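One structure, pasted below without further comment.
Order as written gives the chain letters A, B, C and D; numbering starts at 1 within each chain.
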Amino acid sequence: MTNTQVTLVQIDNYGPWTTTPRPRRETDLQTLQSRLYADLSQFVGVRDGYVFFTRFDNMVAVTNGLTRADHERIQETIRNRYPVTVSLSAATAASPADALVEATELLQDAGSAQDGDRTEILRGEFLSPGRQRPDDVQIAHFDVVDATGTYTDELDAFATFRRIEQGYAALMAHLHERHGGLAFFVGGDNVIAVCPTMAETDYAAVVSHVRDTTDIDLRVGVGRGRTASEAGMDAKQALETGRELDTRVECAFPAVGECATD
Amino acid sequence: MTNTQVTLVQIDNYGPWTTTPRPRRETDLQTLQSRLYADLSQFVGVRDGYVFFTRFDNMVAVTNGLTRADHERIQETIRNRYPVTVSLSAATAASPADALVEATELLQDAGSAQDGDRTEILRGEFLSPGRQRPDDVQIAHFDVVDATGTYTDELDAFATFRRIEQGYAALMAHLHERHGGLAFFVGGDNVIAVCPTMAETDYAAVVSHVRDTTDIDLRVGVGRGRTASEAGMDAKQALETGRELDTRVECAFPAVGECATD
Amino acid sequence: MTNTQVTLVQIDNYGPWTTTPRPRRETDLQTLQSRLYADLSQFVGVRDGYVFFTRFDNMVAVTNGLTRADHERIQETIRNRYPVTVSLSAATAASPADALVEATELLQDAGSAQDGDRTEILRGEFLSPGRQRPDDVQIAHFDVVDATGTYTDELDAFATFRRIEQGYAALMAHLHERHGGLAFFVGGDNVIAVCPTMAETDYAAVVSHVRDTTDIDLRVGVGRGRTASEAGMDAKQALETGRELDTRVECAFPAVGECATD
Amino acid sequence: MTNTQVTLVQIDNYGPWTTTPRPRRETDLQTLQSRLYADLSQFVGVRDGYVFFTRFDNMVAVTNGLTRADHERIQETIRNRYPVTVSLSAATAASPADALVEATELLQDAGSAQDGDRTEILRGEFLSPGRQRPDDVQIAHFDVVDATGTYTDELDAFATFRRIEQGYAALMAHLHERHGGLAFFVGGDNVIAVCPTMAETDYAAVVSHVRDTTDIDLRVGVGRGRTASEAGMDAKQALETGRELDTRVECAFPAVGECATD
């Protein structure tokens, strides 16, 4: 059964900072945000975690394998290199959504996101690396079937963007409400979802739901592992297999169909 | 009347590159994409343009003030520092949506986004800097009224994210279909829209529409200028005014209410 | 005759910051410094200037073509994205060394580099873009003849590094004392010097001096232009010519040999 | 006794790449190099190693604690995000200089630095993390006594730079020839040296030598640890102690004076 450690990353008092003493130049803010995200992505990535940019001032990370000390060092390196600081809170649950609910509550208990005195909070429990198991994290990597031929090369860029966003919105809502999974757009026509233990038939139902409600044809590869990186790389490989076989759902683990049984 | 120069930025053959010879590590791709965007944001930003990350492999920029030579240098600096190259196409129209349609077509005419031989295309016409006028660009900067108190500090992080996305989706669709405006989420609870000439009452109707359909309460500041930066900074200032006065729509130009007359 | 605008970039109160409240992690400082330099290099570079990392907390830039407003924007973008701020002072002279002396004095007059209250100073005069001339900047690009075959592939990496440094030190001293030129190591076996008007025979003498005193065999290409970028690109092309013809000094301008007459 | 694992990082075939098909814009190269260094510094730094920029195309790292798999991942992440690749070779010895000699030979045996077919070499042996000991790495952190008051605030910026460089050159030569230590300028007035086991009296002699030959007054803090980060942070703390006590040499370990006995 999955046991996903989720970390909420929140830039401290960011909104007020962006307009003090007067609104800061938008392109500088965009650069700041995207580089901060890139740095977190590398830092967490070399420890086999994933970070999703989400709203940029609030990011969600899958951090199985990262200790409290790792989280402290994230705070240190941001403080040393950026004009802003970050608060972090972590929680672990079978359901990624539940873990994030708990992590969010821990941070909200420490004060408002726009409280100038609430900085560099670090809350939560961290999985002991020794207790990691090979099915702690389940990652589903979705993309749109022939997105380039169907959309990018055919529609105008904004229409394509809207179509992808519509499919993503339906997927995000369905996975969250029905399964407690957290889906994030990661660029192009790709969505990566951190899922609880789900069966292949569950994924098939998700793909059907999105096609029925938005007419977007998705494909998904699913992997699992001790860490987001392990699970995510297997998911990508499974997605490649799905492309080759022109199937809609491919699970990387044991045997197709068995994914529900663990 | 607005006369917006829009540039479509497309990473050449990016999808295949990300999986060749096998899927590349996701955190590296995320880092690559967000840094490429950050660099473009700075490059275009110092020339007073805006870039929106959109799908990351396809980005949309407002480039009034940037010449063909500037676009060539973007291609050069990316080629010199990244493992990928970019194609660019630009078009200008009173309607930002029309400009992007034209820019997209120019690029599609040059070949598929996944054609390995179609690299570093540069197409389109560029506004002469001497012909820029003070109302060429109209920018509307939206945010959610008391997003922190209503959502960030109250709901869990994913629920907040979904609420913001819902508001954004409604706004994006309405502005695009009704007005030919292009709206982009830029982080936090902020959306920046590149608009055609629109009246204050139009913006009030947009805000009402989003509230009626999604229950998200938006505020907007509107500015205009020769460039995205000029218009955008005025829009931010207007948004600050709206916060102080607790109004929903503030226009930075001439006198409030006159914005419809140009 | 050259008329070089030199800008001194100084991180404000940097030393104390690096040890407050306790010494900051070295790898974070290295990352901060090198990224700050990279950003300045891009910012100044897209305006056709050059920045040299020098001591990293004090950097020297050739900024012909950059106005006071450009310098203000450098300060703004650093403030918006880094935990430190920068002071800038600029001066122009026929001799790059004289210009830097004057720029340094302007900044020293404003207070100590470690005065916590002396932040974001901007001093000096800026060349009017309209008055730029095609021989304002003279750049000499040096490298070591067959550095790879002679050193990199033969000696151990530190011995090679020391040899290159020795050649560079002799070159730097000679150019500075004899001509008022400013030479900077830029990586590999490359040194770029900002020079006053100098004749081809002067460069030949420099190359001889370095060979006689350190046994390092240098080659140099020289260019001139309105900006560092123009002059520097011509210098690189001239250096390529020198490699092809196996000569030691190549001037890009009018005719070889005439460089002394202007 | 020290047991320092040194890694040589070499950009593959970099010289030819910088001029193919024609010389690339210098500011792009500077940006590429310094960002590549910054990324390596972070990557190695979060594993408690140090990287020195050295010549940028050839960098030297202290990598105690980094495994072969870590080195492979460095190559992967560079390949995924840069237009260049890197070769790595590692060796371990009591003398850092000996380790680098061996690492260099391993790489030279694989082919020339400018051989287009010699890419992503990975050679050498890596210390088992289980066998790390608390005195494997000895780091000496030097700075110039009152550099700001004596130089930065008094001389012009280039004269200061030259003075710092002269002190550094003398220090580098002495440490290398006499002790087999590797000293690197790291910005400002700071030099970090990776040393073999050396006594406090050895450091005092180094400081005297530099003062006698160049009139530069150095201070040094010395630390040791399992990793560069441990040793280096202790060295920085010792340097702070030296500043407070106005001494010239401070060792962080056991008792001052005992550093020679291990």
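To be clear about the criterion, a residue touches a chain if its C-beta (ideal position, glycine included) is under 8 Å from a C-beta of that chain, and two chains touch if they have at least 3 such contacts.
Please read these numbers as outputs of a predicted model, since none were measured by experiment.
**Q** Same or different: do the copies chain C and chain D touch each other through matching residue numbers, with over half of them shared?
**A** Interface between chain C and chain D is built from largely the same residues.
**Q** Distance from the CA centroid of chain B to that of chain D, rounded to the nearest Å?
**A** Those two chain centres are 44 Å apart.
**Q** Give, as an integer number of Å, the spacing between the C-alpha centres of chain D and chain C.
**A** Chain centroid spacing, chain C to chain D, equals 23 Å.
**Q** For chain A versus chain D, what separation do you get between their C-alpha means, in angstrom?
**A** 37
**Q** What are the residues of chain C that contact at least two other chains?
**A** Each of 25, 28-29, 31, 35, 42, 46, 77 in chain C touches at least two other chains.
**Q** Connecting every touching chain pair, does the picture come out as line, ring, star, complete or other?
**A** Contact pattern: complete, every chain touching every other.
**Q** Within their complex, state which residues of chain D touch chain A.
**A** These residues of chain D touch chain A: 39, 42-43, 46, 73, 77.
**Q** Quick one: in the complex, what on chain A touches chain C?
**A** My answer: residues 24-25, 28-29, 31-32, 35, 76-77, 79-83.
**Q** Quick one: in the complex, what on chain A touches chain B?
**A** Residues in contact with chain B: 8, 14-15, 18-19, 22-23, 25-31, 33-35, 37-38, 41-42, 44-46, 50-51, 53-58, 60, 97, 100-101, 103-105, 108, 112-114, 147-149, 152-158, 160-162, 164-166, 169, 172-173, 176, 182, 186-189, 192, 229, 232-233, 236-237, 239-240.
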